[in-house]
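Structures given as structure tokens follow.
Below, subunit A partners subunit B and then partners subunit C, in two separate complexes.
On to the complex of A and B.
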């Protein structure tokens, strides 16, 4: 009754304040829906990756395209934050930390995939990679959307990739590509679980006006 | 001085009578029964192309004094064939288990050794007390990019063999089937059946790792299953059941995102609700339900009196008898 009227008035008033362009009530209300959309995106990407990885590994040739290929992880600098995590640590992540980890990982992965795109051999491969990168960018933006709608600050942008030396020979370069795809696949599996957890904790109808965060 | 001796099926076995000379006079027995001299070469016992039936206790006695000079237990068997190894995670994300067996028996004792390597780390797979031939491992880390490599070696007195499986953490996830599947008719709804079930108890964290389900159902008289996939909840109402037909229903589970479907649950049977006849006719129609194939799906005639859940044959008659009495009494009222 009356309380809803007051609420909508407040919402309209706040949304029209020019000093707070980021505050958007409809985003707040839809935090649950954006999490669902992000979850759906990770599933879609995981599915797309299966075909893309198959094609790319075939392009790299044996042994990379062999199903039992199980190389040791070389002691090179990790380019992308790994999805691997201790179980209790993963469970205990705050929503902010969970989202930030996903955001950072996919931002980096997107960078490296784009670099891959530039060198890939066949036109078909470049086309597939390009399409995948667009979808992946969509995922990064979706995660950013969820974070801002929940009032979390976005992590600082990824440092320029050439911190690691370019692989010295052709084989090592291919190994890097192999691990990049592996890491991407694992992150997509992990994200499905991350967003499942977030779905449960942020019910769709929750509205939280984070006035403090907006410097009120 | 007693030994155990292992020999391969089909091998030729020569047994010496301990330290006795070749030309000594001895008698051999197998499980207490004297062995014919034709099998002897001097004091040596020769068994050609041994088979499994020749396993047993062999004893050698000095000719005249009947002193026991040597005794051995012969076990005939085979070296192990390549074992069958399977690993599965039915309790993700806690860990996984591996179980193994030999494709053919060896007839002699075997010992198993299992090694699990994850990247550079060797992990310990703890052997289960029951069932045997099974061990389990707890995950130390989740969402690993590195594969697990499990090697099983089986060894016995006649040889050894091994097998290796390599897999990703996600690939082996397969829950146990759903539990406590219950199917009930819905009152006043002749085409509905209400099915409910529970998450398998071995799945430790359905909150964070939700399961989705696959339901299949068919009337007993048909071979074709109908399927429903459910991404949420542990119940479902079937709304297109054929009236009056007994159904068989099963449910399977899968992690929402990774791994494979469980085996089918235990089957439950249920028949949709049917209406009690409103008008009793003067003719008591005792129709027996048949479990043989019927070609039509028409609901049984409403004058049928007997309980449809009744067992075929004489049981149906017994149930109908009471109903028949009631009918007769009712009929009398109208005379």
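On to the complex of A and C.
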């Protein structure tokens, strides 16, 4: 149902408070439920991104919206956290390290997404982008919630501000936008697997019944 | 598998991200960086993913290839046409976004309205054609006629794509000048100036709590009641109302115009046993004593009600011909007798009482028939 939607909205709304609200949000949920919610949210974002990316790439125009488009990545603008890491290396990390990497990556991805051309594009595109950013913010908080419920410390401080230079021309910016969406896609795909695996490691929470009664 | 290229840009295109008028021609050049060991003959161009014919290429140097584009059409997408310089194997070396379009036309048809004299919303239409192929920005500006300062509206798209909302700091009893500026990469166009006084374009909320109910057992009437919009109390304006109603499966609305400033009305001449949809709207007039009318509010949400259906079989018990006079006389006699019993003085005699009697009559007629 729409329970994760409500959850996301609540977390996104609470995000405006100075204190980290995720602790209040998920303390009562228990690790198992928390991970399930995060998994659900990741899948939802994956689905949303398909539509958003389709619309945005059409806005960028061909060849960006062609299926096999694969432009070069320019080293000097290594701003977007890359999800293409050696899979064995990734699996070899501790749960804590993997969660922290997810948290940091999505925080930065959110910043870049927000900076996506706000002026141009149709009103529909801007609206979709806005909605996606809200949902992504919910994911960041959700991951923080999972980490706190498992007793892991949160990665220190806010994500580093994008100090890297903005693309020097409009075409390069289009390529940056393309890669941002592509990386986001890969991250979400991999995170879903991560949370699915994590769910099986954590024993089912006793609080399950309590949640059901709340109608959540 | 994508490759990460070295620090220098592989190639440079000139012009980079130009803006052009529809129909113009362009010669673009692609110069490869010496680090790449590519020659002009190793390159090719695409525009929006489509390869450009080699006949339009020219080698201007060992590492520079040009392409000639003639009579350009308007950009395929507002983010710019993608002109790309490729190496032989298809790899992208550089790109340039071409913005081909037209300067904007003067925005037209500016209409504004004020909700309860508190704010101002204006909408407009882009100039004829509208399609400039370039992203066009609209700015609504306003200033008091007798004072110099221009103000810019900030809240856009409140009432459709070409609209703006000014929420506060508006003066009354004094004219404003309002206009819209459209701008894109190719130029600016300014609409004609519209002059208005806020008090001349006032509208209000639709009436609330619209209730439609039957009038006893009367088959051809419905009674409509509503509350005046709350703002009426705060401001020195009166309200006049209009009702529209239609039968459930028809799209033709009937309008009742002479409702005046009452907050109730009776609809008559309706069909029995039919569902009707009713809406009410309000027009604030007499603002600060003026005789001018304002702008009609939106219609209230439709309320539905049905007229009762007679339970007598059609053509059953209606008295015919000469019998009618006797029936009428008898009815009148009965009526006055009943009035004597139930009406204390003539002041209570009115249509309501008559209705009550008719209802009573129908009820007692029924029981008489059932016996």
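Quick notes
As a working rule, the second predicted complex is superposed on the first by the 166 of 216 C-alpha atoms of A that agree within 3 Å, B and C clash if a C-alpha of one lies under 4 Å from a C-alpha of the other, contacts with A are read in each partner's own complex, and residues count from 1 in each chain.
In the analysis below, a residue touches a chain if its C-beta (ideal position, glycine included) is under 8 Å from a C-beta of that chain, and two chains touch if they have at least 3 such contacts.
Everything quoted here is computed from the prediction, not taken from an experiment.
Contacts of A:61 after superposition on the shared chain: subunit C is touched, whereas subunit B is not.
Touch criterion met: A:90 reaches subunit B, while subunit C stays clear of it. When the two complexes are overlaid on their common chain A, residue A:43 makes contact with subunit B while staying clear of subunit C.
Using the contact criterion defined above for the overlaid structures, shared-chain residue A:123 touches subunit C, although it does not reach subunit B. By the touch criterion stated above, A:141 is placed in contact with neither subunit B nor subunit C. Once the two complexes are overlaid on the shared chain, A:72 sits against subunit B and subunit C alike. In the superposition on chain A, contact of A:170 is made with subunit C only, not with subunit B.
Applying the stated contact rule after C-alpha superposition, one finds that A:154 touches neither subunit B nor subunit C.
Counting contacts as defined above, subunit A residues 70, 72-73 meet subunit B in one complex and subunit C in the other. By the touch criterion given at the top, residues 93, 119-120, 139-147, 149, 166, 170, 207-210, 256-258 of subunit B touch subunit A in their complex.
Contact residues of subunit A toward subunit C in the complex are 58-64, 66, 70-76, 119-121, 123, 169-172, 174-175. Listed in rising order, the residues of subunit A touching subunit B in the complex are 43, 46, 68, 70, 72-73, 82-87, 90-91, 179, 182-183, 185-187, 189-190, 192-193, 196-197, 200. On the subunit C side of its complex with subunit A, the touching residues are 2-7, 9-10, 13, 16-17, 46, 48-50, 76-82, 84, 91-92, 94-97, 135, 137, 157, 161.
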